[in-house]
Structure formats: C-alpha cells, structure tokens
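The block underneath contains the structure these notes are about, expressed in structure tokens.
Read from first to last, the chains carry the letters A, B, C, D and E; within each, the first residue is number 1.
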Amino acid sequence: MSNDIIDGILEAIRLLFTFDRELWGIIEVSFRVSLTSTFLAALVALPIGSFIGLREFRGKKTLSNLINTFMGFPPVVMGLIIYLLLSRSGPLGSLGLLYSTSAMIFAQFFLAVPIITGTAKAAIESVDPTLKETILSLGASERQLWWELIKDSKKSIIAGFLVAFGQAISEVGAVMIVGGNIRWETRTFTTSIVLNTRMGEFGMAIALGVLLISIAFIVNYGLTRLQARGG
Amino acid sequence: MSNDIIDGILEAIRLLFTFDRELWGIIEVSFRVSLTSTFLAALVALPIGSFIGLREFRGKKTLSNLINTFMGFPPVVMGLIIYLLLSRSGPLGSLGLLYSTSAMIFAQFFLAVPIITGTAKAAIESVDPTLKETILSLGASERQLWWELIKDSKKSIIAGFLVAFGQAISEVGAVMIVGGNIRWETRTFTTSIVLNTRMGEFGMAIALGVLLISIAFIVNYGLTRLQARGG
Amino acid sequence: DILRAQDPKRITLATTTSTYDSGLLDYLLPKFTEQTGIKIRVLSVGTGQAIAYGQRGDADVILVHSRSREDAFVNDSGGQIPYGIHRACVMYNDFLIVGHSSNPANLQLGDNITTVMTKLKLGMTEGHNTTFYSRGDNSGTHSKELSLWSLIAWDPTTAGTDYYKDVGAGMGDTLLITYNDANNRGYTLVDRGTWLTFNDTYTILNILAKSVKGEDILLNPYGVIPVNPVLHPHIKFVSACRFVGFITSPYGQALIDAYRKNNAVLFHACFGTCNETHDCSTTDDEIVIWRPYHSEFAGLSI
Amino acid sequence: MNLLKVSNLYKEYYKEDKSSINVLSGINFSINKGECFVIIGPNGSGKTTLLRILGLLEPPTKGQILYYNEDLCNISRYKKVQYRRKFSFVRQKPIVRNTSVFNNIAYGLRVRGMKWEEYINDVNDIIKLVDLKGLEKKNARSLSGGEMQRVAIAMNFVFSPDLYLLDEVSANLDPMNVKLLDDFITKIKQDKEKTIIMSTHDPLEAIKFGDRIAVLNNGQITQLGTPNEIFTAPKDEFTALFVGYENILSGTAEMDLKSGLTIIKINNLTIVASEQVEGEVKVCIRPESIGISKNPPSNVSYRNNFKGNIEDIRDLGNTCHLIINCQSERFLATITKLSLNNLELAINSEIFINFKATDVKIL
Amino acid sequence: MNLLKVSNLYKEYYKEDKSSINVLSGINFSINKGECFVIIGPNGSGKTTLLRILGLLEPPTKGQILYYNEDLCNISRYKKVQYRRKFSFVRQKPIVRNTSVFNNIAYGLRVRGMKWEEYINDVNDIIKLVDLKGLEKKNARSLSGGEMQRVAIAMNFVFSPDLYLLDEVSANLDPMNVKLLDDFITKIKQDKEKTIIMSTHDPLEAIKFGDRIAVLNNGQITQLGTPNEIFTAPKDEFTALFVGYENILSGTAEMDLKSGLTIIKINNLTIVASEQVEGEVKVCIRPESIGISKNPPSNVSYRNNFKGNIEDIRDLGNTCHLIINCQSERFLATITKLSLNNLELAINSEIFINFKATDVKIL
C-alpha cells in the first residue's frame, strides 16, 4: 500500500485535468477562506504587532509571552469557541453565520492574528536601533517611522504572513467545527482529506494533499517573486 | 449558553486539582510527544537550516521556496503518509510502530523540521553580513562561524522552536491518524478535545483547551526566562 | 449569509458519520431536493455532537442511532421543554463483530451473542490472545457495545485489562485500527453500513459474529427527530417535517431499501414496521403524525 | 536670549549586573543662536550621548534642556517630532535606509510633507554639492564608508534645519571631501539663524569652526571657552594633548621666591617655568616651542637648556619630528627639513634643546 | 621573494539594473615581507574592497593573489580559514560580537584552539595596552565609537598575525589613542616578520608608516612609490591635494624657449614654472611656499609676483590661513601669527604674494 502515494499523485493530476467541478469548488473555498482570513488578520495584526515592536511600555514582556502562547492556540479549541459564539444559543447566534465560509474566515482570522502579530513584532524589533534613530532624526513622525520599519523588515513580515497562510490552509480542526464540512459549501481541502481518510479512500486523500501542497508551492513561489521584485 | 467558556475554565481548574489520573496521563503524553519531536527536529533542522542560511549555492532559492511550502505542510496529509509507511502493508509495517507515541513523534518530527529549518535559515540570513565577515577575519572556521551566528540569532531561533512546539502540541490531524487516540496510551490534549467535541461535551473540550494553553503559557514563560538569563 | 440561513428552502441535518460516509445521504437527498426544492446541509459528526447540535438549535433535524439518547432528546424530563418532537424510526441495519481471520478467540458464526461476548472476554482476560477495540466515544455503536458487555455482567473499562483498547474515534478509524493490529488478533463491533463500505479494503478482517435469528439485540435502528421549534423559534420546522415525511414515505422507504453499495444492502427501511422486526417501539401516534406528510411524495416511484 | 540652555543634565546607563554608570553628570551650558559650539573630549567621554540627548533620540536620566524656554524633556511625542524636524543629527557611524541615494536624501523632505516636484531640485542640488552625482540611483547601503558619510550629510542638510548636531562628521572623508564639508559648514556659519553643535577629534576643525569649545571628560565639562582660551590654557592632560602640547612630563614644583619662577624637578631634569604653582604637577611643552642647536646656546634668554641625543627622526614632509633623549626624559621637537639639513642632524647626534620659561605650561 | 603578489585583479559589482561597475580594475603590485604598504585614495576608490579581497572575505572577479607563491583565489574553504588565521583585518566601521569586551578580544585566540589559561594573560595585556581596563566585562556593543575601534584593534592584534590589514584604523580615535595606535604600529614595523597593508585619509599617517604608498583612484593604482616620491611628485589632483598642494589652478602652458621655463596662462594671471610642459595643465602650489609682503618685493629670485587682496583670515592656532584674491584667482597661503601681526594684515589689506618657479608643480 506504499504506492498509495504514487497513485495519489497520479490521481491528483487526473483530478485536476478532468476539471472536476467539486474539486474546483473545494479549491475555491479553501483559498477564499484562507486568503481572506490571513489578509484580514494581517490588516489587524500588522499594526498591532509592529506597534508593540516599536514602543516600550510596562507589561510588554507579559504581552509578548501571551502572543507567543497564542501563536500555538489549538485550532480545535478556537473552532469550539467560535462555534459557541455563533451557535444559535450563543451570543452571536442571531447572525446565523454558523456553517458558512464567514464563520470559517472568522475562526481562521483569530488563529492567524497572533501568528502575524508575533512575527511582525519580532521583525520590527530586530531592525537595527540605529536605523530607527536615523529615521527619527530625519524628522519622521511615529507613523512615518513605523512605515519605514515595515518596509525595512518586509522580508520577515512576509515570512510571517506565509506561515499564517500555510497554517490556515492546512488547518482542519477549526474549519471543520465552524464550517461543518458541508458539501458544495464549506468543504475545504483539509476537511475533504479527513472525510476521505475516514472513508478509507486514502488514495483520494493523498491526491488532495498533493494538490494542496502543489498549489501552496505555486502561491508561495508567486509571493516570493513578488517580494524579490519589490525589494 | 455562552458561559460554556466560563464553565470550561472552571472545569479546567477543577480537573487539574482533582489530579485526575487520566488527565495527567494526557498531559504527559502530549508533552512527551511534542517536546521530543520538536527537540529531535531541532537537532536535525538547526544544522540544515543554518547551513542553508550560511552558504550560497545554486538552487538555494528553489530550496528556500520548498522549505517555505513545507512549513505549511498539512498535518493530516503528513499523518496519512506516515500512516501509509507504518501501516501493516506499508514498507515499515513490520516495526509495529503504528498507534504508539513513537509514531506520533515521527509524524510531528517531520512537521517540525521545515518550520525550524525555515526559521533558522531566516534568522541566520538576517544577521548583519559585516558581523559574519568580522568573525571570519578573526580566523573562525566555518563551524565556528556557524556557532557564533547561532548564538547571535538565538532569539529568532528560539522563536522558531516555540512556533514548532506550539504547532506540535496544538496539532491534531497527524497525531490522530498515527496515534489513534487510544485511551491511556496515545491520547493527547488535542485528540481528547476532538473526542469530547464529537461526544458533544463542549464544556470538557473547552476545559482541556484552557488547560493546554495555560500549560503552554507556563512552558513559554519558562523558556523566555531561560533565554533572558542566557542572553 | 444571514438571508440564506433563514431561507426555509434550506435546512440543516446533523447526522452520524455512518449514514453520511456510507453514501446513503448523497443518494437520498437530491431526490428530496428535486421534489421539494429544499436543500439540505449535512453535518456528519459524532452522535453526541449531532445531538448537542440539535439541543443548541444548530440543526433543524437530526438522524442518529442511539435509542436511549434519542428518547432523552424527545422526553420532557422534569417538565423541561423537550429538545425534539416526534421521533420516527426510519431504518435499521445490524451490528457485526469483525476480527482478523486468525480468530484467536475462536468465535463461530452460529454462536449466540452471550457466547460471543464470553469468548471475547476470556480471550482478553485469560488467553491474552484477543484485543478488543472499542469506539469509546459514547456513540450509538459504543453504547451498544457496552450493553453487550453488560449481558455477561462484565465491565471491560474497569476490568483493568490491557487487551481492551478504547480508541476514542469514529467507526472508520476504529476499523482501521483493528485492521492494523500488529498481532493479528483485533476484534471490534461495527455497524453493517460502515463494514460494507470498508470490507474490500480490509480484506484480512472477517465477520466473526453476527445476529443470530430471533436475537434482535444486534440490530441498529436509526431515528430521525425534528428539533423543537418551541425551544428554538428559528428552526425551519415545516421544512424539517417535510424531510421526515420524505424519508418515512413509501417513496423514501423504497429508496432506502434500494440503496446498494458494492452490491450489498446497507439499510433496511422500517418505518411503521420496526416493532415487528425488533424492539424499536414506534408508537401509533408517530405513524399518525407523519402520515399526512407522505402525501407530497405519493405516487413517486424509483 | 539663549537658544538652548542645558542645566544639570545626567545620563546613566545600566550595566549587565544592574549597576549604573554615569555617562554624563551635571552638564550645564547654554548656546546662543548662530553659534558654533564644538565638543571635544577623549573616546568614551560622552560626546555622542550628549548629542543624542540634544537630538531628542534618548531621554536624559535627569536635567533640563530649554529650547526657546521650552523644556524638551517634558513634551508630548507629537511635539518631539516637531522639534526633531527643526534639528538634524549626523551620526558618528552613519547608517542609511535600504533604498537609493536619491530617496535617502529626499526622505527628510518627504516626511515634512513635500511633494516630488517640490523637492526634486533641492535634492539634486545637494547631490551635486556633496559630489554624489552618478550615484543617486545606487542603493545607499552598497556605498563606501566615505560616500555613505556624504549621503548622511546630504540627508541632514537638505532640509536646512535650525540646529545642526554633527558627531565626528569628517571621519572617513578624504581630504577633498573634508574641504567640501568645510565650505559647507562655513556657509552655515554665515547664516546667523543656524546653530551648530559638533563633536570632533580634529583640533584644526575645532579651531576653524568653534565659536566656543567645550571639553568633555568623563561625562563632565571640564573646560568651556573660546578656542583661544582653550588652546592657550588647557586645563587637563587630554586638552593639552589635543591642542598640541605634546610633551607632557610629570614632576614636583617648587616656588623660587628670589626669581618669582617655578622650579620643577622631573627625575634628573630641572625645568623653569613662569607660572606659579607648587606640588605634584604636569608640565606641557609644545614641540614647536623647542629650539635646537648644535652648540651650547650663548643667548641666555632661554631659561631651559638641556643636552640630549637624537633618538629618532620622523619625516613629516617639509617638517620633521625629532625625538630627543635628555637624561632619559624624551622630548619631541618639530623643526623644518631645512634646519635639519643645515644643522646636519642625524640619529645619535648630540644636540642642545632650549625653551623659554613662558612656554612651559603647568597643568 | 615577494610575500604577496597581486596581478591583474578585477572586481565588479552588479547594480540593481544588473549592469556592472568596475570597482577595481587591473590592480598589480607586490609586497615584501616586513613592509608597510599604505593605500591612499579618494572616497569610493576601492580601498576597502581591495583590503577585503586580500583578507579573503570576498572573491575577486578576476585576477591572482599569490601569497608565498600560492594563489589565494583558488584554494579550498579549509585552506582559506588557515590563511585567514595568518591575517587580521580591522574594518573601517568596526563591528563587535554581542558579548563582553574580554570575550571579544579573546575570540581570535579561542578559535585558534587556545584554552582559557593560555590566553587570559595575553588578553589582559592587550586590554591594558589599548586602555580598555575597567571595561572588559562591559558588552562591547554598548561602547562608544572610539572604544569600539580600540576593541576591534585589540581583537585583531592579540593573535599577532603575519599580515595586518588596517582600513582607516585611526578614524574615530581621540589624539591620545591615535598616539597609542602609532606606538603599536611602530612596534609591529620593528618586527621584520610582520607585514602591514593599511588605508588612510591622513597624510601624516601615510608618511609616518608607509614604506611605500599606492594611490588608488577609480579602481586603479595611479601611482605607487616611496612616500618621498609620492609627496614630491604627485601625479594627479587627488594626490596633490592629499600631500598638501592645496592651491590647484587650471590653465594653458606654453614653453618659453628663451628662458627654458614654462609660461602658464590662468585667466588673467601668468605663472612661471620650471617644469617643461605644454597644453592644458593643472598647477599646484603649496600654501607654505607662498610668501607675503606689504610692498612690491625688490628681491627678484621670486619669478611669480602678484598683487592681491586678503579676502579672509582663518586662525589655526599659531599659524593662519590667508585667502588672497589676485585678479579673481584665489590663493591660499599659510603664515605664522607672528608675521600676521608684524605685517599688520587684516581683511581687505592689499598685499603681494610671491613664489618661486621651482615651487610650482605641474600635473
């Protein structure tokens, strides 16, 4: 059964080129959810993370520790918490968001925020302090300084974004609970892989896995090229 | 019913202080597996990652891209692959390692390696090149240079280790497949949380989640203190 | 999304993995949608989770197989408003005990269930040549397994044997783990639906015990229950009832009976007749309640 | 009115073992508008720290900095930015942003809200002035040490600040560029609205530009005055060396009541000085003040006459340094090449050195 | 035999737009054991790049570096380390490891496999020598610019390499520490086994230490010779300025066959020089060579005599710089304070300047 893997790869190629409607739906959901959530998380986390990295204040150490811890927040638990919030009997139940891609984006958003916050903070902190001083002495306001430092450490920040995206797209616990793995609607690569595994369809599961990492590689490659061009 | 979360926290405290034998078993397995796998991964990934960061060679870009991609390798797929390897009809089936903590360590090891490799590489690369030159010009051999750079960027390297550990301990897809969530043997925090979720015992699942992140916080805090002392 | 969620044209069904993974629902539901225009979103989760979803109002209707918990779900215990109303027994299949063909516990197909359980117990406690894998997840199958052990008045969870493994997983996973037993001596209890889905994958596993004629303890009835709209006003009760009407209608029942996987029958329709085949008490009340909903599907045939 | 008034400024740093060191202690001075204030002092005396504090890049531990009567140590973040925009700060080891030379130089104008059309000319002008034409598109991080220094200068001068803070700004510059910088600073000095505070290790620079010179030693201002005051009456060893009294000897001074002169015993030598001091002293004599002759001088106006041997001759272009050993005390004397040849001096020649009592400076 | 022989060395860098620039082109020279080889040149001329290549920190694009007849450009990584251990390299902008001063200085010995007991004394000795006593436990990254420079020097000198590569090593040092470094280098020079290659912007340093001086300009060695050769016959503008011909004028030269002298027309001025050249030339006159008088000089040994006005007087301690405008050409002359006072010169005074034809250097 070790040529399952080879079979999986062949199956992956076949699947992709038969333009299976369901497969393309899964690709779409997976990427929409993960990209949107990571992007939204970046919008929130980048300012917060870089701000923490920029300033000195009391309690910064504890806060950093907390962020570090939350970087390893178990997705299942996050899924559960979001589920309890969005559940009909939960405080936000009336929104009826459960089992939708919005709910999935919501959950992955909260998983990505600490990761991007933590890496942005570390990136800003690792900028040479004399560069900070130089920028300040040229008359930059705090916002302008912040922007310069973001630009200067964009490599690490993009790396953090990639980690968060990679985690989001390969994450299964949270999207399973809040999305429900509903066919045609909230099924993603990973939930589909789990389903296939459960059903003993290892070949198909592997095929999906191979597809997922191939696509991730292409996205990655594109981002790296973009980054190289921007640099 | 949104006070599920509060109930969960109370339950977590109760659980911990009743010294539930099963709970302590779970804590033990979780930490043994995650710490061992992350540690072993660090042993392998640190030299590789720092070596890639140190040297220039053809194909380095593609390799970096590959590492980036593998940093987001879906744990479920990794679980599947390891399963296929260790399963009775797989090439390593005769070892009888499936559904043991060894198998779990194995799977998490492969998940942690790219993360630690990638962060170590980035950390080494972000060291000021003039520092590298200074160390070389003082007569350091490549190994001695390598060690100096590791020491100089230990903050980022420890951060990478923490990310890998956080992922390992909060990961569920792989350990579930290769470990099997067998009570008293291979049940971890996360598989236990999933089980409780499946049983509709959301409160208990949350309680375990709260416990997990509290313990992770303490581990984190300890490591940070250690790191600050060493610095 | 808010609009869509309140759309009575879409209801949510929480069910156990065995019904979904067997492919039955993918076969059945399009027929329902075709007839009524109502789409069904399926949540295939653990039994406990499905029931919890029903209790919290996150599903409109549930389809599960754990009789005692279904009863609790529809009972107004202590004057509480019940979570669900009007359970209907839809179909059944049966449980099997499967294991490696080496069959160290020496189970025989003709053995009655107490003999089987005793042999397994002895294999675990004395022969040390038998490993029993238990779902351990409070699912219908798990409850059934525990009730089988209680037949011989033995509690494996407290017996302290190393040969009883609580895997805390779904049926497919448990079967997989049994299959991978390193010493070829694993046994487990499995529902026929799941077994038929996997049996050509795990060719070294065989059915080693099944229901003997006249013994209905190994039967596995599935019940469908709409969630109580009194408790959760947003529940699309009417649509849910139309769904229950659909699968209990002669049309739906015929569809269930006709469903084949790998040329094998997975489920037997039993609405209104389960009293005759096993001790799943369907009240006449239930039949009366659901009969009107059948008219919509009258005259349809497969 | 003073432009800037620093009172009682302290700065402490914490060492690894949590003990603190005072890098600046009790600094007091004030600066007038249009002045060029030069800070000199040995390595580690606190020059850079002082300039960084004045540039609002670091808060002092204690003390007051009044700028037009506003205390710069107690203002909001926002106001700090406003003040920083009036100041410029050229670092001792310049660092540039990771972008082109042009963008680096334009940055100061851009953060002040200027648009491309508004700043392009100014930036191009200054690029020409600092002789970086042709390099403007190059990434500034790949420049040579001196080129980067010039970028740093241009970066800070382009927005024409009110207060220039310059930290050893001519280090790493080649002589051509030092001249260029000189012209620059001279031009700023002519504008009476602009104030300069600079640190330097180059005495010529200090004299050339300083309206006043402060000597910083060990975190304290040990002397403050016009260049003339500092150069003619250095108060400590560092300053003496800095201003060129390169012969510094230690001895015991005694007053000779008869002649009103001071007699200083330095091992086997006795030096006569016109200043009146007693006790353990340090004696400084400029190399230029020391005369050389082949024969014992007949002219008696030189009160100090010693016989010695030439130990070494160092060629300095058209002048030379002679190292002369007189009774095992070494003296450094500067003479012209011409005299060297006329006197036919060589290593080990026996000669006489002489200097006037008024040329002996006692610290 | 030569210790080091550099032949046909090239170094290209790539710009952002992938076009390349030649930072070094066709460098050839050789160095003998025990020599002190000084590299001078304007900012960006390639001094640092050359030293980095010699220090095996960067490969050249093309060319050969023979060290004891082994080509350093084509050796294994392992051998490179072995060679680097024979060399030391003090950077222009030193950087230190993030640890204590002591550990920084000991590092070079530690990587060579020495044990604590073996190196502790050497390290402590050199700490005393560079005057860092008391700072040895401090983190080296928190030092001042000059202190860090001294750590860098100590770091590189402690393991007593065979070849010293020193890149503008005295920048940022205060006069006291410059002296200290001088003594250091002098001591190294006395050891005939040790070779020094250094770059500097300080002419005095070049003369003081250089056995030979190479002038690097635009990536090429434009002149190479003993200090005397370089200082008396600078071949280009930079070198002329570097060695002190600070008056550089452009004009057209014509030979006067009758007198054998060269007549150079510079706008309205005509300068007579003893060198024989024709065409467009640059003329250099040292400020010290220019004499000043109040009245037209009666002595005719000066072939160049011009009337001018004093535009500016800059005080340099006991000498002054005069800026004199003669027919709109500006001359810089150095005179003593004494003469300034004797001649009663002031800004706008009308004076006469004169210099000999032999003092005019034509480039």
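The working rule: contacts are C-beta pairs under 8 Å (C-beta built on N, C-alpha and C of every residue); 3 or more make two chains touch, one makes a residue touch a chain.
Keep in mind it's a predicted model, so treat the numbers as computed, not measured.
K.L.:
Which chains does subunit C share as contact partners with subunit D?
P.N.:
Joint contacts, listed by label: A.
K.L.:
Counting C-beta pairs in contact, which two chains come out on top?
P.N.:
By contact count, the leading interface is A-B.
K.L.:
State, to the nearest whole Å, the distance from the C-alpha centre of subunit C to the C-alpha centre of subunit E.
P.N.:
The computed centroid separation for subunit C versus subunit E comes out at 91 Å.
K.L.:
Just the number, please: Cα centre separation of subunit A and subunit E in whole Å.
P.N.:
About 56 Å, centre to centre.
K.L.:
So the centre of each chain is just the mean of its C-alpha atoms; given that, what is the distance between subunit A and subunit B in Å?
P.N.:
So the centre of subunit A lies 17 Å away from the centre of subunit B.
K.L.:
Can you pull out the residues of subunit D that are in contact with at least two other chains?
P.N.:
93, in rising order.
K.L.:
By the touch rule stated above, which residues of subunit B touch at least two different other chains?
P.N.:
If we look for residues of subunit B contacting two or more partner chains, we find 1, 87, 128, 197, 202.
K.L.:
Scan subunit C for residues touching two or more other chains and write them down.
P.N.:
56, 170, 173
K.L.:
What are all the chain pairs that meet the touch criterion?
P.N.:
A-B, A-C, A-D, B-C, B-E, D-E
K.L.:
Inside the complex, what are the residues of subunit B that reach subunit E?
P.N.:
Touch list, subunit B to subunit E: 128, 130-131, 133-142, 144, 148, 151-152.
K.L.:
Under the definition above, what is the set of subunit A residues touching subunit B in their complex?
P.N.:
1-2, 4-5, 61, 64-66, 68-77, 80-81, 83-85, 87, 89-91, 115, 118, 122, 126, 128, 155-156, 159, 162-163, 165-167, 169-170, 172-173, 177, 189-190, 193-194, 197, 202, 205-206, 208-210, 212-213, 216-217, 220-221, 224
K.L.:
Per the contact definition, I'd like the list of subunit B residues that touch subunit C in the complex.
P.N.:
Within the complex, subunit B touches subunit C at residues 1, 87-88, 96, 98-99, 176, 180-185, 187, 191-192, 195, 197-202.
K.L.:
Using the touch rule from the top, collect the residues of subunit C that touch subunit A in their complex.
P.N.:
1-2, 4-6, 12, 17, 21, 26, 41-44, 56-58, 170, 172-173, 176, 197-198, 201-202, 232, 234
K.L.:
Which subunit D residues qualify as touching subunit A in the complex?
P.N.:
For this pair, the touching residues of subunit D are 52, 55-57, 77-78, 81, 84-85, 87-89, 91, 93-98, 107-108, 111-112, 155-156, 159.
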